[in-house]
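Next come two complexes built around chain A: one with chain B, the other with chain C.
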Partner chain A sequence: MGLLTIIKKVKAKEREIRLLMVGLDNAGKTTIVKRMNGEDISSISPTLGFNIKSMSFKGFTLNVWDVGGQKTLRSYWRNYYERTDGMIWVIDSADIRRLEDCRDELHKLLVEEKLAGASLLILANKQDISGALSPSEIEKVLQMEKFSSSRHWRILGCSAVTGDGLLDGFDWVVSDIASRIYLFD
Partner chain B sequence: MTESTQTKAEVVSKRLAANEETRKAEIEKRREESSVNADPRESVAGFLAEFKLRAGELSTRISALCEQRAETTEATLDSIASDVQSLERQVADATYFLPAYDARASNGTVAALRERMAGLRSKQAPRKKFAFSKDRKKAAAAPDASSEVPKPELAPPAPKIGSPRAPASTGPGIRHRKGEKIVVDACDLPGGEYVLEDLEDVEIWLCGPVRALFIHRVKDCKIYTGPVLGSALIETAEKCTMAIASQQIRVHSAHDICLYLRVRSNPIVEHCTGVLVAPYAVAYPGLPEQLAVADLASETNLWDKVNDFGWLRAVASPNWGVLPEAGRLEFQVPAADGSRPKAPSVAAQAREKEEEDAESEDEI
Partner chain C sequence: MSSIFSVRKNPPKDVEGSPAEGGAEVEMANEWDRVTAAVQEDQTTGAQSGPQRTAYPPVSYRELLTYINQIDIEPLRSQLLVEEPPSGLFAKLCFCFGPPKLTGVLADERERCFAMAKIQFDENEEMHHRLLQTIFRKYTGATGTVARYGSHWEDVGFQGKDPATDLRSCGVLGLVHLLYLHHHNEQSAAAIYMLSRDTIQEFPLAPLSINLTSIALKALRAGQLSAEAKRRGSTWSALADFYVGAFYQFYLTWKAGGKTMKDSGFVRQALEKDLLSTGTTAATYEVTKRTLGASAAVKAEKESKGEELLLSTEVLESK
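Now for the complex of A and B:
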């Protein structure tokens, strides 16, 4: 019995998945988490620090780490990388001006060794706002082609306000992680 | 008996003397041998003396060039450079037997020489370095495929970013204005995101709801908005007055601005100085209804609960404060040009003028 098998068995028993929500400030990370959890989203303050939410999803326990995205907080992101199974990178699709910033921060994240095995879901949030860029337009700017060989990733449009696309996104990331870690027999 | 004793003593002393002699000879021999075997280059003192001499000589040659006592030519520079290099090699060879301090000191001396050489060279041919690197890039790009890897990274982003960027400049908003007064009515607002960018000395009224508001690079501006249903993001603002009702407000890199806020969450500032906050006080026809729809009809009392992300301490942040009640203003939309009923135009203009006067007085 190899070490990997042991780890897989332990994880399978817990059926726990650790997700890291990251992205620039004003992307809607906290709103997405609260929306998924069915909480009120009308008075969410910009996150100073981080929030942890546990929720059940398709028989798994998701531990979602929602980390503040303000510039001053980004240097602390690396404290949350350990043991992350999947990350959700949230983008404000209406904030075209900072899309390049967004790409640079994402690329910084993707070369992190501790996140090397994590699945990546990119949520192009705020699709309900007229003038928001479509996921395919954002994909072009993000230049993900250089990472596509080494990582499981997907980009999906969503709206935290209407809830569109959130379930699809979480569905994909959870099943991708599950197929990687857990043995379905 | 005595005689025999004497002779014996003589014999012994002779033997001792002979022994002594052979011992001395052996020592001498060993010394000679060791001195023959020893590498003269391994003598620390010898190395240091020679090093000092050569370093001193190079230093004077470089100084001569610096002070232009000698003619600076490519050849002289090259010869000095090669001498510095050979000196450096000597130091490198000697490091294994040199004491740590001497090795460090010698390396320092060589580095200093090298630096002075580089300085001389750039003075002599400032463009040489540039041409050289350009040549190298060209040469490397042609034959070697692996060295081309960074190239596509550098080149293509421009067009790639260019195309998705295009909608930003054509999207709804007001950009690149100076010294104007602009009133945007609800019917002219798209209801989606709205951008105010690169404005100087502009007064703007957004008399209607928008979903998201981006304010970027504004200076000496007055910006009054109706309800923002989502978030307002202000980045790089200077000496501005803004009145905004919104669900969320983020202010980055703003200096000396006055914010009249009604917000459903804590407003935040980051990298800001001189931010003053006050409660939202804007009036234009239809605003109360719009605020009600946006769930901002009544005061939320969060306008002064500002979080400064650059000041995570128990003491109050020095970067923002509350505008004293006496200095607070109320903003009434000016009866505007053309789109609004012009009926009491003279009166309206007079009122507008009065307001402006009042404003400027207050600001003083």
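Now for the complex of A and C:
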């Protein structure tokens, strides 16, 4: 029995999944986490460093690390990479000016060794705002082709304010991780 | 109702923005500003282009209060949540007998506090621009008007090139408080700013300010500041000083504990819990009387010895 098997067994018992929420500032990461957790989303301050939220989802305990997006913080992101099962990259679909900045940061993240095995969900947030780019338009800008073969990933549109698309997104990332880590009974 | 804000005990020494001061100095500042603007625009991408920029004279805290006092908050009334009894039976019971209810002028002022948190940055409002510009000047020591967009805003901790996006939760109140922090005690404000720009212990000043404003509003909503508001005869001042106290507490914890952004989430969480427990309210007001700086930090270090405030991941790793 290898170490990996033991780890798998321990994990399976707890059925815990560690998710890392990242993206540029003002993308809506905290709002998404709070919306998923059924909390009030009317007044959300810029995240100071990070928040950790545990929530139950489809029989799993999700430990969500919601990390602030500001520039000075990005160098600290790597402190949270360890043992990450899945990443949720959140994009402000209406912030067209910064979309390239957003792509560059995402690409930097995807070459991180510690995150090599993690599933990636890209949430094109703020779809409720007029002028927001569609997920397929954003996909083009993100140039994900070069990562396609080596990683499980998906892009979905959502709105943290209305809640649209969030469940679909979490559903996909959790089941993708679960099928990888846990053998379904 | 006359002025609903009691004027602070120490009238500001520098009454800025007076018409007399305008002319030549602003002109000169403008000249210089065009030079720095050109440099900044070279350095930043996506910054607002064009050298034509309105010059905004600085605003003093006192002038700001007069302005705030005149805002018509009627249209916002329906959106304001000014009182929220804490959850849980015991807490509810305590609430019934607990903090005094705010009435009359004090209740009106409380509404205005929450209204200011709802008002978002308005490009057409000159005072909003003046406020934003004044904050930049007071903390960084810059002279003259800087660009509305650009990476220079990161110097005071704003997350991106547009500081307005960070204001979402506390609106203009987030900016007002940042100016008040400086007005309350310049030396302390300078110490805070310096620590925020430290190469190791840096933290984002403006987002922290917004987080602390949001915590202070929670305390106000829960009735935790009511007694102090009654004592002072001003809800506004009770809120603003609670915010300053929160900032000083943060500074002392951060500095003495050698904290970095890696700890920030934990520090914020512990601080919020501490600030919102009623037993600490008096201490939060007390600390505002101190002046932060080198000697203050040493004292704080002595005081906080043995005080294990934070659960850090390092505890697990250190084995």
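Keep in mind that, in the parts below, the second predicted complex is superposed on the first by the 184 of 185 C-alpha atoms of A that agree within 3 Å, B and C clash if a C-alpha of one lies under 4 Å from a C-alpha of the other, contacts with A are read in each partner's own complex, and residues count from 1 in each chain.
As a convention for this text, contacts are C-beta pairs under 8 Å (C-beta built on N, C-alpha and C of every residue); 3 or more make two chains touch, one makes a residue touch a chain.
As the structure is a prediction and not an experimental result, all values here were calculated from the model.
**Q** Should chain B and chain C be called a clash or a fit once both complexes are overlaid on chain A?
**A** Result for chain B and chain C: clash.
**Q** Of the two partner chains, chain B (first) and chain C (second), which one does A:Tyr76 touch, if any: first, second, both, or neither?
**A** second
**Q** Just to be sure I read the superposition right, which of the two partners does A:Asn51 touch: chain B = first, chain C = second, or both, or neither?
**A** After superposition on chain A, A:Asn51 lies in contact with chain C alone.
**Q** Does the superposition put A:Ser149 against chain B (first), chain C (second), both, or neither?
**A** So A:Ser149 meets neither chain B nor chain C here.
**Q** Applying the document's definition of touch, where does A:Val141 land relative to chain B and chain C: first, second, both, or neither?
**A** In the superposition, A:Val141 contacts chain B only.
**Q** Looking at A:Ala94 after the superposition, I want to know if it touches chain B, chain C, both of them or none. Which is it: first, second, both, neither?
**A** So A:Ala94 only meets chain B here.
**Q** Can you list the residues of chain A that meet both chain B and chain C?
**A** Residues 25-26, 43-46, 48, 68, 70-73, 97 of chain A touch both chain B and chain C.
**Q** Touching residues of chain C toward chain A in the complex: what are they?
**A** 46, 117, 154, 159-160, 165-166, 168-170, 202-204, 207-208, 210-211, 214, 261-265, 267-269
**Q** Which of the residues in chain A end up touching chain C in this complex?
**A** Interface residues on the chain A side: 24-26, 43-52, 68-73, 76, 79, 97-98.
**Q** Show me the residue ranges of chain B that touch chain A in the complex, using the header's touch definition.
**A** 157, 160-161, 163-165, 167-168, 171-172, 190-193, 195, 197, 211-212, 214, 216, 230-231, 233, 247-248, 250, 252, 264-266, 268, 270-271, 295, 307, 309-310, 312
**Q** So in the complex, which bits of chain A are touching chain B?
**A** 25-26, 42-46, 48, 68, 70-73, 92, 94-97, 99-100, 126, 128-133, 137-138, 140-141, 143, 161
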